[in-house]
């Protein structure tokens, strides 16, 4: 399968990546190569195969509802790029609330 | 004197400490001196802890260490100070181990050569012009160059076994779920496992005992810790059935590597093992399935890097990281999920079944780890697909969740070659036994690179 | 003008009142707490952190599902819903999509004509809440205390045809959550959130309309009903004018009494759901599910029916008395205690409803019974009427009267009981005893 530059743009947008136009070109080519390689999966007969999402046979791995201490606020914020009054700060996002 | 100390395996080091042949201070001093001398050449460490005081261990820099910078080899985490320790770090610390440094790596474990680090490539101790393999480049190089007693690393598609093979040391990827992943930054959550890179097989066994076992923070981690059976180790392989998959000896396998591996298999036979040719028919599709599933999980796992709570902006991701995020985002997007993600998950099932069938006939499966020995730095960096294909022999074990061990088994073109021993799910015991019998009956593990000191 | 039919589907989110969060053991008691003090590597989405499922939350979700007549899936799993927003720490929400925990339920509600209609419930699934954003001066402040608090989402089929059904459904759900004790279900605090998908179609058409308007961020039943009514009117007018309606999200402006556009969906969100590789599946046997179903408390609508039947109280009184589980339980306790004092359930029910009493403790029972006993309400006060009742009873229970006179004092109770019965309990027992004693001297 071949990816167009438009598709690359759309995917980059979904992935929250800002790409330069050179990067878009490059990824369109490289990802098309990789996807062409991946397309050989179509040669495999998987009619009788169940999907394997993980290999463990575990189920119902559940924790008791008991509180353990949280982190200190200072520690929580120690790697923040911007903080204020105990909050993380980011550029304004627009939504009517 | 110093070299004598840093030469020792973990088991020997612990014994010497117990017998008070040297103190922990002397031990750390010896390692720190060696690091000071050699790290500038090798670039195995991103950060060295000068005040280290326990048994010195290298920790791959993707494993969180509380209030010690953890960069994962990425620019985006250049200032990241984790608020917590990974479970494996806590477990090691409780056994008297200490962190001597954070090992270099391909950015977020994405790479097979160590060249994708934002902190510079690590050099192979056997030939500084060669790559050490990846993604656990620094961990393997540090062990090979005696810059630590052992290292912890992660393996998603071969990142422990392949650099161990290329650097001539022992690397163990445990079964998926054997060791808690909590605190190891996730690349592909259904494939990642933490494991040791060590100087001997016995060391790997010891470390696995320490780091495995239940953890209330990783739901996929099983309750049973690995406990070595208290059998006196046999010195032969009588009664052992060794499967050799024909698919691991086809096109692409370097003839020098093939020769070394065949000799190793002969040695196993000489030691009493029965060699059986087996087939893992879906091997050729493993890389394709892996790239879809791994990249899909990557695209989601790396969404948390938004520059708000930690890290810098997403533009600081390296090229390979962006490439995988893009690939995975596409594979999960509307209209493509069934053809890519769901299809790959089904192929994964077939690959897992291949192994289950094979293990009806044999106890372990052996073959090469890497199709080639270490290559020149820069040789494959602009050709991602070729780089991906170099993981063909290691990826299937991650897809199936089974354990795999790389043991030094000789040299080709003067560079180390590793023998891969794959086991049944949760049967690390057998592959460690086979590896140890082989190791103790060969001299490869005693060979050390000449680093000019 | 054409005749139109309203098509409404509801999504209800309810925040569970577990002690700890959905996927970590931070306290959920974040209300009023300092920002980012109820957080840890997991709910902050720090690199390397992993989720671990809260058992209580899963049980709560199953209880909700079972109460809503859902099947519990033999196998269910968590998936990741991927999108970027600053309140979403991991860049994905752990939710359920292809394999929800509870499926195919239903609930009976009343429509505007008072008829009972069945609303099909597509699913009740488990997920996690997001952090909270505050916008000020072009900046956005983020508090992750709420991040990963357990949420259950109950999704109906588009089966509602009028707002009476919507209101009844929402009320019933709120009542249910409180009965089960799984949530305070307070709308204003955001414990319970409603989203309605509203569209209209020509009466008689069967297909779903090609668009739907999502009404979101509306924090009271009343506003939601107003918003739906406004929307239906707006949409019909637009269609009559030949306008094309589009898929969009709208909110409610209470001042202007109208809905307003929040977001137009140019294309459907692409959430790239896939099974969360960090979390093992959930599997329950039919025996386990059966046991759970057996262990469910009596549901409000079951209690309502039983009250009407067993205590012969009016439907309206029963509705009021079953509104909350605690007051319903206290009412039943009052009935038990009242029986000893010859006070009838109807009297108690009438008294509570008429006096608008809110039952919330044992002491309330005592005071209610005392008030009733002291004839504060609805009691026969007229002395001559009381004497007539007493004399009638003595005549009818001649044997007991004789026995009493001959010294068997206990026989008085038989006559007393007779008076209580004749008067439907609307007499003060102490007073009657006095009158009986006087008359049998």
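For reference, chains read A, B and C in written order, and residue numbers begin at 1 within each chain.
As a working rule, a residue touches a chain if its C-beta (ideal position, glycine included) is under 8 Å from a C-beta of that chain, and two chains touch if they have at least 3 such contacts.
None of these values were measured; they are calculated from a predicted model.
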item: Chain of greatest Cα-centre distance to subunit B; value: C
item: Central chain (by mean CA position); value: A
item: Intercentroid distance (Cα basis), subunit B paired with subunit A, Å; value: 24
item: Mean-CA-position distance for subunit C and subunit B (Å); value: 54
item: Inter-centroid spacing, subunit C versus subunit A (mean Cα positions, whole Å); value: 37
item: Residues of subunit A engaged with two or more neighbouring chains; value: 14, 16, 53-54, 56, 58, 61, 63, 71, 76, 88, 90
item: Multi-chain contact residues (two or more partners), subunit B; value: 80, 83, 190, 216, 219-220, 299, 303, 306, 308-310, 329, 333
item: Residues of subunit C whose C-beta touches two or more other chains; value: 41, 44, 52-53, 84, 86, 91, 142, 144, 270, 272, 274, 277, 279-280
item: Footprint of subunit A on subunit C - complex, ascending; value: 18-20, 25-27, 34-41, 44, 52-58, 75, 77, 84-86, 91, 133-135, 138-144, 217, 251, 260, 262-263, 270, 272, 274-275, 277, 279-284
item: Residues of subunit C defined as touching subunit B within the complex; value: 41-42, 44-53, 80, 82, 84, 86, 89-92, 142, 144, 268, 270, 272-274, 276-280
item: Contacting residues of subunit A [partner subunit C, same complex]; value: 14, 16, 53-54, 56, 58-68, 70-71, 73, 76-77, 84-93, 95-97
item: Of all residues in subunit B, those that touch subunit A in their complex; value: 79-81, 83, 176-177, 190, 216, 219-220, 222, 282, 284-285, 287-289, 291-292, 299, 303, 306-312, 314-315, 317, 322-323, 325-327, 329-330, 333, 339-340, 342-350, 352-353, 384-385, 388, 399-401, 425
item: Interfacial residue positions of subunit B with respect to subunit C in the complex; value: 63-64, 70, 72, 77, 80, 82-84, 86, 181-186, 188-190, 216-220, 296-297, 299-300, 302-306, 308-310, 329, 332-334, 337, 341
